[in-house]
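Before anything else, here is the set of structures, which you'll find just below.
The two complexes that follow have subunit A in common; it is paired with subunit B in the first and with subunit C in the second.
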Partner chain A sequence: MDRYRIMVIDDEKIVGDMAKMSLEQEGYIVETFLNAEPALVRLKEEKFDVVVTDLKMKGIDGMEVLRTVKRLYPETRVIMITAFANLDAAIEALRGDVHDFFPKPVKIKELKASIQRALSKQK
Partner chain B sequence: MKIENRIILSNIFNIALILLIGFFAIQNLNLMLTKLRFVEIADDLNASFLEMRLSEKNYFLYHDETALSDIREKIDSTMQSIELASKDIGRAVGEDNLNLLKSHLKNYSEVVEEVRRDYRGDSGLELRFRSEGKRLREFSSTMTQLERKGVNNIISTSKNILLYSFFVILAMAIVVSHFISQRILHSLREIQKLAKSISLGNFNKPEGVIPDDEFGSVIAAINSMSEELRNREEELIQSKKLASLGILTAGVAHELTNPLNNISMIAQNYVELYEKLSTENRIELMNKVQAETERIEKIVRNLLDFSRPKEPDLKEADINDVVRNALRLTQNTLDVSNINVKLAIEPLVPHVFIDEQQIQQVFVNLIVNAVQAMQPGGELSIKTRLNAGKDSVEIDVSDTGKGILHEFLPHIFDPFFSTKGIGGTGLGLSVSYGIIKKHKGNIKVESTAGIGTTFTIELPVVRKGDY
Partner chain C sequence: MKNIIGHLKSILGLSRTRAGEPLSFKAGFNRFREVLDTNNRALEIITEMGDKLGGDYLFDINYIKRTYSELSSAVFSSIQSFDSLTQNKYPQIHGAFTRIDNQINRLIYDIVSSHSGMVVFYEDITWDMSRDVGGKNAHLAELKNYLKLNVPDAFAITTRAFDEFIKQNGLNEKIEALGKATAINKSMLDTLQDLIINADFPPELDSAIEKAIGKIKVRCGGKCFLAVRSSAEEEDSEFSFAGQFETVLNVPLEGKAVKEAYKSVVASLFSEKAVAYLNRLGYDIRKFKMAVGCMTMVDAASSGVIYSTNPDGDNNTLIINATWGLGKSIVEGQTDADLYMVKKDLSPEIVDIKPGRKEFMIVNLENGGTGKVSAPDEMIGKPCLTTGQAIELTRQAVSIEKHFRKPQDIEWATDRDGRIFILQSRPLTLPSVPSRQGRGEIRGFPSPLEGEVEWDAAILMKNKGIVVQKGIAAGRVFILRHMDELDNFPKGSILVSRYDSSNFVRVMPYVSAIITDMGTPTSHMASLCREFRVPTVVNAGNATEVLKHGQDITVNADDGSVTVYDRVIRELVESSAINHMKMEDVYEFRKKRYVLRYISPLNLIDPLLDDFTPEKCKTMHDILRFTHEKSVTELVDSAKYGSAMLKRHAAVKLDIPIPAGIIMIDIGGGLNITEGSDKAVFEQIISVPLRAIIKGIMHPGVWHSDMVLLKTKDFLSSMMRMSDITMDASDYVGFNVAVVSKEYVNLSLRFGYHFNMLDCYCSENAKNNHIYFRFVGGATDIVKRSRRVELIAAILKEYGFNLKIKGDLIIARLANTRQDEMENILEQLGRLIAYTRQLDAMLHDDSTVEQYARNFLEGRYEL
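Our next item is the complex of A and B:
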């Protein structure tokens, strides 16, 4: 069976690094990006099973990443992360067909569990 | 005193003056009438005396006895008319003159009696007769002339009084109206000053005594209005501060959340993957934690710097050097964003008296803002020059960026106001403004959407006595 591909987009480098470090232990293939533009370019080349993205970013933001992913790969699940523990942002994200929503600081175990749920639903 | 009362008072004064003048005029007319009546009577008397003297002449020329009795009759009728008109005559010429006239007439009548009784052609009596007659006639005609003159005097005096009082009333009217209009203008100027100071945002009570007139109540009303405005302004400032605090809290929370999240994620991995990590990996992770705590510390220190602005350490300096240093510090940012720099400095611009560190921070803030406002390929232009008054150095920092929306311009120096979204604390321009004000300088902004923004800083030229 192919290994699942997971993309992490966050302008904080450590978020990507730590997510990659933890998720690779689970056997996933992880690619990290500091902003959305190169991430979307990469997505057009290849399908990812789960995209974890920061909501507020300079340039293209998380909501636009979500829309682009859903257009390209409707079955790919998107998980949002944000530094703003803002209810409005969460509601907006969840309305937009987002799989899950994590305010910072992120609990990595919960993130992993959420990714597992997302993958099991895709089967 | 109220202005209305002043006007009423001056009117009352004028009316009283006019009544007084009218009273004097009537008095004069009455006196004149009396005198004229006397003159009439005196004319009659003069005619009688003239006849007496004619008869006197006839007696001596023709020794006509009837002439004497004519004189006698005339004397009696004259006596009678004097007695009849004695009141009028007395009033006109005075009791003394009346008595004198009577005694002259009496003397004359006695001489006539003597002549009738004893005249034998002796010249002594004749002479006395003639001289008494002459004296009577002269006295009477002198009195008449005197009274005529009196009447003329009264007429000319009345004319003069009327003329003078006309001028007095005119002068009064001019002086009073001038005085009142001065008062009104003065009060209006006070109110104008007050309104101007309120429009400049000064809601303090005006100095000086509030006048006790209609304008006093206007000024009192304006005062209570400005007091109300001041209270409202304080409320507004208070609510602004609260809003600012909210923005600050949100900003700080966001700034702190990222490094905290980083530390948290590192710690989770460190615990979870401890066995699988090499010593080098563990050290690397802990170094990252250290770097993140330094990031937090920096945020906290900036916040403290903002809440406790430092006093400037002033020294004489060349502003062009400060500009060059600021550009050197921001060179990397400028290169990364591909910004062209155009420097137009006036080489021999006078020195300024500044804290170089702080002014440099202002320029760095402005340059970083300019870079963030521009797309790659934009142009940053910095100009220095002496102002027209030759007492300040002016520095323009211009960009070719997106410009600041017109409605944001009044707020850009407010603390925590930011148009940058995430990443802007809203403190940069506010701190810069504070620094420039502490240098007794000025900072202005001009911006056109889509064309660019220019910040102009004015700093006073160094003078003797600044040290």
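Our next item is the complex of A and C:
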């Protein structure tokens, strides 16, 4: 069986590292990026089933990532995380067809559950 | 006379003698509550941080910054209320706060140390300097300074010195480039190492090293050499880094030689294997700082390694490896050392000795450096430790393990006079089952399936060698003849070699299993294998002959049993392959989490010990503990001046059927009475703690109104002691006073010759609650008085009080207890106060103490 591919983009190394560790435990293939530019380059090469991205990043931000992902792979789900529970950003993100939105710190269990939901909807 | 002064003071309202406006009790009480409130807010933040940083949440540095700033201001405002309550009685608490706050900010904002100089001697290393001197130096200094173990004279060259050294030689850019490179670039590393070896020393560092050498020279009489070894930031704290960096032994005590050695240790940070190791663990080479330790060499008769907990999993024994001369050969895994298994009892006992042959030994050479020589015939095969030494090593290892609260991997040596030295101590990575399954390779772990199934495969090896890391792995045999061949090691293969070597770390991320003919479970490589959870068997005898290069095999290394099959048994491997890498293995996680070390642990545990001081506060939690405890003391002290308060507050008499003679002062919500009333009955007591105590005092049968007759001797002794007793508590005399609020009581009672003082805060929030109980005096002779002390102590202990006893004074404390339990305990205290009122005259011999204590606890109160 092919394993699901998850991409995690966050400008803080710890978020990617922790996410990778916990998601690999679930059997996913996980790739992490510290900013969006190389992540989008990688996305053009290969499809990912779920993209978890920070909302506020220098350069290309999470909304831009969302738009690019949706353009390339409409069925790929995007989960947005952000440092502050910013309501406006959340509303904008949800309007933009985001699968889920989490303020940081994100409970890993909830993120895993959200990813599972995202994957089951793709089937 | 004393009473007159006390009286005058109370008339003038000068209940406090310290400088500054004296606080009214009510104002003081309000400050006290502020301390409680802010402390609680701070403790809640600490709990939340512990939770969010516990590995169940994805968090980032912004979260830590934001939350810590909330914590820091809560603690700060607690200190402000505390200052106001105590009228700045403890100015040192500010120093403690600033020190810890700086420490935390340095971590959070990644501020490079300016804390220490370039060189620090071990005796000057304090607990908060581990970032300056590196983990290894910090650990050893702790053993020397705190546990007073015999650690050779030594100094640390700090991380600040490292920074300066790198900067002075313009190496930052090279390191930056290295950090940015996607793959390990050997030529970049070689260049960097060359530059380091040929680098110049910053003048400040140069002179600091020269000075340190001078100092050591004086102390050792000029005849010593140094061991120069790495002590990286995190080294020996979380990960062992075993054998990753260069150690230069027996360096002559002169500037040039020490500086050369320093450079080669620093250069080793940029070796291929070290960089691979760091990458694997997620370190950023650009931020990695290396301190160095310079320790005088022990002219070792024997040396070795202790595993303070048996890697077999038996917590009750430890193992000692020992060899003649220096221990270098053991940690490099190239000798058949002695193996002692010792029971870790109060009186340790050797359970098993397996002497090794030890035909060779490594010794210090006369002009520096070390050499391998043949052991004299009479020493070959002979155990190199005496029973006494093995037992002493065990004792020390146990104390080190206890101190660091983790099993330790300890390097030691004995000198020619048989004295024991501790050379290094780092956390022992115990074999863990099971582990991750890496990419590409097939690696798994024993499962219940194993043992019940017979595999259709020939067995190549059975029960040979020592299992270092359990596990199941399958792959192609790669027989390593020379270290150079590691460059061609195919991913996923099984490494089979004559010797073990810490160089194997280069292939650690993708080797499926390791089998060596020789080697010990205490070598560097063994530590690394456990760290990387690579199934590993050492000392397997002739694996390099039995197994053929290129052959497919499956290795099953279980508890002490090893089986090697002649084909890949995929089912066996897959049956147990689980990904078990832990969050603790993620470097960034550990690094960010490190901040909690200065926040959560509680070091100030017992307020009755001498080290309950601001200077001993190491964490924010300690500061909160200190301010809370001292706030209670302050409240107790200021409530003592009840007599002064009586002049200023309306006093209300407690009207109960027992002639306790208690006068109450309500400072807020303690009594339900109409204004102007001068007495209150039991039902009108709202104060939760007072109500519980009075309930206890009124409990049927505990208040004995018959006068117990004092014998003439008792009476005389009481007359003589009267002044002593009243001296200590002059303000109580004549009053039984209760200062109350809804949640608080301070009760001073004098019954006959007994003085009870009870201070209690009892609310819904357990964290706020405390009982402080003092009992002093007694009309009888010292023997009976001390029996009473014993009796009360025995009873209070039953209720979980923390006690301090001095003569016939008992101070008992209890805190952090739920309201319902508090009420229950207070009621028991009420009974105890009433019960013991006339008890000492009854305590004729020691056996009666136990009897009355038992009676009381069983609810039988007859005298």
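Things worth noting here:
Everything that follows uses one rule, which is that the second predicted complex is superposed on the first by the 123 of 123 C-alpha atoms of A that agree within 3 Å, B and C clash if a C-alpha of one lies under 4 Å from a C-alpha of the other, contacts with A are read in each partner's own complex, and residues count from 1 in each chain.
By our rule, a contact is a pair of C-beta atoms (placed from the backbone, for glycine too) under 8 Å apart; a residue touches a chain by one contact, two chains touch by 3 or more.
Small disclaimer: the values here were computed from a predicted structure and weren't measured.
When the two complexes are overlaid on their common chain A, residue A:Lys58 makes contact with subunit B while staying clear of subunit C. Once chain A of one complex is fitted onto chain A of the other, the partner contacts of A:Val15 extend to both subunit B and subunit C.
After overlaying the two complexes on the shared chain, residue contacts for A:Ala83 are found with subunit B and with subunit C alike. By the touch criterion stated above, A:Lys107 is placed in contact with subunit B and with subunit C alike. Of the two partner chains placed by the overlay, only subunit C lies in contact with A:Glu24; subunit B stays clear of it. Note: residues 12, 14-15, 18-19, 21-22, 25, 83-84, 104-109 of subunit A belong to the subunit B contact set and to the subunit C contact set alike, using the contact criterion stated above.
Taken together, the subunit C residues at the contact with subunit A in this complex read 52, 55-63, 282, 284, 579-581, 583, 585-589, 591-592. Against subunit A, the residues of subunit B that register as touching in their complex are 254, 257-258, 260-262, 264-266, 268-269, 272-273, 276, 288, 292, 421-423. Contacts from subunit A toward subunit C in the complex involve residues 10, 12-15, 17-19, 21-22, 24-25, 27, 81, 83-84, 104-109, 111.
Those residues of subunit A whose C-beta lies close enough to touch subunit B in the complex are 12, 14-15, 18-19, 21-22, 25, 56, 58, 83-85, 104-109.
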